[in-house]
Amino acid sequence: MSGCPYFGKKQLLFQNKFQVKEEEDDSQEGVNKASKGGIIYGDYLQLDKVVTAQVLQSELKGNKIHDEHLFIVTHQAYELWFKQILWELDSVREIFISGHVRDERNMLKVVTRMHRIAMIFRLLVDQFAILETMTALDFFDFRDYLSPASGFQSLQFRLLENKIGVADNQRVPYNRRHYRDNFRGQESEILLKSEQEPTLLILVEQWLERTPGLEEEGFNFWGKLQTNIYEWLRLEKEKIEKLPESETKEEMLADLAKHREVFTALFDEKRHDHLLSKGERRLSYKALQGALMIYFYREEPRFQVPFQLLTSLMDIDTLMTKWRYNHVCMVHRMIGSKAGTGGSSGYHYLRSTVSDRYKVFVDLFNLATFLVPRDWVPKLNPSVHTFLYTAECCDSSYCSSDDSD
Amino acid sequence: MSGCPYFGKKQLLFQNKFQVKEEEDDSQEGVNKASKGGIIYGDYLQLDKVVTAQVLQSELKGNKIHDEHLFIVTHQAYELWFKQILWELDSVREIFISGHVRDERNMLKVVTRMHRIAMIFRLLVDQFAILETMTALDFFDFRDYLSPASGFQSLQFRLLENKIGVADNQRVPYNRRHYRDNFRGQESEILLKSEQEPTLLILVEQWLERTPGLEEEGFNFWGKLQTNIYEWLRLEKEKIEKLPESETKEEMLADLAKHREVFTALFDEKRHDHLLSKGERRLSYKALQGALMIYFYREEPRFQVPFQLLTSLMDIDTLMTKWRYNHVCMVHRMIGSKAGTGGSSGYHYLRSTVSDRYKVFVDLFNLATFLVPRDWVPKLNPSVHTFLYTAECCDSSYCSSDDSD
Amino acid sequence: MSGCPYFGKKQLLFQNKFQVKEEEDDSQEGVNKASKGGIIYGDYLQLDKVVTAQVLQSELKGNKIHDEHLFIVTHQAYELWFKQILWELDSVREIFISGHVRDERNMLKVVTRMHRIAMIFRLLVDQFAILETMTALDFFDFRDYLSPASGFQSLQFRLLENKIGVADNQRVPYNRRHYRDNFRGQESEILLKSEQEPTLLILVEQWLERTPGLEEEGFNFWGKLQTNIYEWLRLEKEKIEKLPESETKEEMLADLAKHREVFTALFDEKRHDHLLSKGERRLSYKALQGALMIYFYREEPRFQVPFQLLTSLMDIDTLMTKWRYNHVCMVHRMIGSKAGTGGSSGYHYLRSTVSDRYKVFVDLFNLATFLVPRDWVPKLNPSVHTFLYTAECCDSSYCSSDDSD
Amino acid sequence: MSGCPYFGKKQLLFQNKFQVKEEEDDSQEGVNKASKGGIIYGDYLQLDKVVTAQVLQSELKGNKIHDEHLFIVTHQAYELWFKQILWELDSVREIFISGHVRDERNMLKVVTRMHRIAMIFRLLVDQFAILETMTALDFFDFRDYLSPASGFQSLQFRLLENKIGVADNQRVPYNRRHYRDNFRGQESEILLKSEQEPTLLILVEQWLERTPGLEEEGFNFWGKLQTNIYEWLRLEKEKIEKLPESETKEEMLADLAKHREVFTALFDEKRHDHLLSKGERRLSYKALQGALMIYFYREEPRFQVPFQLLTSLMDIDTLMTKWRYNHVCMVHRMIGSKAGTGGSSGYHYLRSTVSDRYKVFVDLFNLATFLVPRDWVPKLNPSVHTFLYTAECCDSSYCSSDDSD
């Protein structure tokens, strides 16, 4: 923004189109003359609200503790950025919900915004280092004043979890209470609503299910892949069996058997549904196929940006767990673990949330288990499979790119 | 804070001492029952102000641009952290102004807070990466709506510069206007006041002037150092002159002459005052001596923490210029340099502020020019110079450590 | 790699295809039995070379200085990463040089590798913080032993500059010497060769010149853009002229005139060539058009990844200048600026290289000067301009994607 | 180093003292004339070893995979920095072992080096982001070639763990094998030796046990603290008991009882020894007292730098677990967790090492459980307890500060 003096002038040129009111408010004369009816920095950013919102409880209670200010500002900075993440996340979900994602002109927007969320999370992970300049003793001096305020009461963080797709039944309960019980009426409703709306997980799932190339009557990726893999394993077995008997040969055969099991697990839809019901997988069977297809053909023009999207989803998932882990580390430092005292602590609860149960796109990570050598990936022919390099662009009158979202 | 459930209970224990009102406000019953008269997260952080302060000008003008939200949040996050930096800076300045710094029990506080400021600046430098996920085109879509708002109008940033010690006469003027002209009446007065109050530079200067060991009638560091250095240079000259004539010998003699000049520049008080008047040096001659003394004897117990303070001051100075430079890089990307168009731009102005003129503690860096081999540093004797390991702790009734600041 | 125990087993399965020699070397029995003829960690990474290459000059000279080890390791880490950057850069240049880039299946590779280079540079910028834990005094203790070793002698860094496209005539000379004079015979030749090979700049330029849509007989982007812009400016002028006379109106007209100048500068090919000859622009006129086209239509499927490439190029350019600037800051701290001593220093030379002269893709930044409102960007029709969503995929027999590079 | 041209000249001045051989080696004439018998950059850094140590197994096997180079360089960079960390760690351990730490002039060195280790670890944590630009598929292309090389075979990392103080009996076994079984004869011996030498944990423990103020016949910190705490709890109980009966009162009493338990756990030496034997505490009872004393009196001049040391130790501990956690996240992405396949993976092993069992200075964190309000910390009187501001500086002839280490 500091570059804006450049625009201070420029704006004059286009001022008329922004309906600047011609009459100036006389009472403000001399005050914002420079602004010529426009807006100035502090008002634009509403700094009268943002930088006056630091009220120390310790000061109110007559015992001002210097470090409480840091504590407040750090948490406010977290909440500011959570708001931004929600802004991006909602806009991406909206593109998916409205069907705009079918017009592939919107994919850059989707990927860019997911990438931005990742960048913000990276900053938020680093931000703990600042709060950690406060020692346990400094915190002890004011922590009693804050009760019962608690990060468990961060509405935006819970919204974020819900909108990405953390499952209610995967949450670790704290003190045997449902997470929503920490919130007041209206907030609790907002949370409930966020659980019922399509999550990013569900939207991505639906999108993956439509991956071109999955059609059984068309390229039939899944069928071809299954055929190839079993052929590959068969050939491997043949090769091994020709070797003279030895301990190594035994091991190789054992290995091969394990390998076959791994792929059997992949092609067994019932098993998939069972894992789904336990929360160990989160994507539908069809969506899983779409994701693996994008993995294998990521260099095809049609799949380049979709592949970037899958990568971004893993980035965000990883960064959220890193955020959780860094949070745990800070809490350990601030309040200890109560180890050896017979007590239990928030530390242990938080630690339990650094778990794959909280990873939403866990399937994208686990697909790494099911890779095969490039030679065994079903071959595509660009002159037949033109979907590989031809994007879907809806007729602009039907699904126009909405610049405003 | 998320660890606070631990304290939700604990607080009960000490509740009485915080004058918790016994009667609960019935009208809020059911709403914050859990809070038992305490405060909850969102209220504590005043999130009703902080996360509702994002009003898009583009939306007001009927053309909502998605990325303006990022623009607002990023700048608000900067301002939040500027507030925190000012909080720390004011508390450190207060310790110096009140004379509490004479009680060396306060040195840990000073160093810790300066270090915290450095940590925050490090985050702020990284934070540009987030705003840079917005492209020039995205910015172009809404930048006209912001006029004439400009980062030049950031009160807190100017306060920060002034309180650290950026000199008014070192500032690069922009559009031939004084920096204070960008501010309205009250803000302008606050800025003027900040120029007149003792800056961190001045306070550190006064503290350095009191460095134990500088007393001419005592250890007389400066006198001894001067004697040693000239003796050292004399001996070097003797050694070189004994060598057979050669090109190398000539070069060595030329080098020695240059070296002598460097030290002559150091011991010439008039020259120092001349450089001071031009703004090329900022510390008094006496303070410079104190700083060099702390450099040389940094391992002595008395000087360990003071040395850390000097390092922190350089860190902050460097980080402020890195912040400026990263800012310039972002502005280049957002609005271009107008190179080759005949125009001039905010970019060029900002670039000119990435200069040693804006480095406040430039002398601390430049002392690196005046180092000498350890053998030639005047020797200290711990059994005589006990000031090296004995800290000054004022009588507690006189200068009590004030926990609240 | 630590995850590799997983593969320790798995490898057995495919071992035969890697021509593992059946006979084990008896002399090594007992030593690497676990390795079963494979390779172990330390040998794979050649740690016998890498972690034994830290020889302290100070120790050789009989005066071991602890911090010299940090100095060596930091520089070795820089060189290791420079090697990686060159590896990525060469592979990208090879894709361009061989014409493989015409097969757009290679674009993901290109973009991913450029992004990786940016990630590495980000680490290298941060890495200075580690070396800065060494103080000027610590450095002073051993710096004489290093003479005349100097970072000017880093072959890889110069190669990097040359291969990206830093122009020989844009370099700031140091001590009136050509940069290549710091290198010995063979190295000097390698450098000369790198100046003569196609730089990344030139390769990107050629690629930009082929941007679909530039053809005058086809979509004719440049012609249409010029028409639109002048029409836009004409309409703006009409609107302003209808306003009653006022100071504001005068300013608006003056502004408009400046704006017209800006665009005149854009559409004046002679001026472009003049700026090219001075080094203020680096891309050909045609390539500039291609870049601007990609900017405006970045959301079209065909241009999404190319737009990411342009962004990466700016990222790398910016990060290289940040690297330079962080380097300067560190040098200032280590050796001072010799300000006020009559001497000149390496600090001032290095500072002068933090300049737009060293920005290779400066045009991509400066295009931000030439943006226009979306309404005035020439319209494209997906049903006519099918190039927008159809990628070019060469026949695989002709330009096969080479997985190995 | 790039600043060294400055020194290229300067060195001439002092050349004679470095025994530069007068005769130049004719055979090298023309080659290193510029070096005048000194050393040049590439030779100094042994770049002929460092940047030629990247041999791709995939290339040797006839199937060059581009990304293997990144894999090698990243791991080499890790090992380079591990070497540096070991260098710092050994020097700090040496200061403790030799008793030099009794001369408090060495404390700055200790703290600075520990801080440097923390800075390096911070970089190493960030460094995973670079390797994560490699996808699971890219890794799959060459991972078989690496077998059985594994990060388990990193000698330096295990040394690092041992020297800091990871306990053998706290390690999670992998595949039922002792960690040392992954190493060959000589390496295994080096590891065994590192287990037997005094670890940083043990050295810090001994140092903490000597904390001035612990002497029972002197200030008797522990005795006074115990008295104060029980008095405090007694008064709290009295206050609560005066309240009218209520649910809240019940809760407060229950809380108080828990609180008493916490402190009972602190003052019970037998319990401490029991926790020690289980590995839940790592410091001796006396050392724990010393640490808590430093916590409470950290602002006293004598304890300022010791307090910084304790903070550094926690930083390093935390960063090592963050390194482990980031490593796990990367491995999950590269090889998946094999969830739902019936297999087990390196991922799960690595995940189990992100545990408090691997935190060496876990007691320093857990002390946060035992804080008390400042009013109840035993009072010190500077005029009596002069140890608070008087450092111990050994007679220089006895324990001279050794500049070389």
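In this document, chain identifiers A, B, C and D correspond to the written order of the chains, with residue numbering beginning at 1 in each.
To be clear about the criterion, a contact is a pair of C-beta atoms (placed from the backbone, for glycine too) under 8 Å apart; a residue touches a chain by one contact, two chains touch by 3 or more.
Bear in mind that the values here come from a model prediction, so they are computed numbers and not experimental data.
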Report summary line: More contacting C-beta pairs: B-C or A-C? The answer is B-C
**Report entry** Reference chain C; chain at largest CA-centroid distance
**Finding:** D
Query raised in the report: How big is the gap, in whole Å, between where the Cα atoms of chain A centre and where those of chain B centre?
Result: 36
Report summary line: Expressed in whole Å, how far the mean CA point of chain A lies from that of chain C is 29
Report task. Averaging only over C-alpha atoms, locate the centres of chain B and chain C and give their separation in whole Å. Result -> 32
Query raised in the report: If you look at chain C, which of its residues touch at least two other chains?
Result: 10, 12, 14-15, 36, 141, 298, 334-335, 374, 403
Requested in this report: Using the touch definition up top, name the residues of chain B that touch chain C in the complex.
Outcome: 135-137, 140-141, 258, 261-262, 265-266, 271, 275, 280-281, 295-296, 298, 311, 314, 318, 321-322, 325-326, 329, 332-343, 354, 356, 362, 365-371, 373-374
Query raised in the report: Where on chain D is chain C touching in the complex?
Result: 1-8, 10-12, 14-15, 18-19, 30-32, 34-36, 38-47, 49-55, 57, 61, 63-66, 69-73, 75-77, 79-84, 87-88, 91, 112, 115-116, 119-120, 123, 126-127, 129-130, 133, 141, 143-156, 174-175, 181-182, 184-185, 187, 327, 331, 334-335, 345-347, 349-350, 403-405
Query - Residue ranges of chain D touching chain B (in the complex, touch as defined) - result: 9-10, 12-16, 36, 104-109, 236, 239-240, 243, 248, 251-252, 255-256, 259, 298-302, 304-305, 307, 374, 382-383, 388-393, 395-396, 401, 403
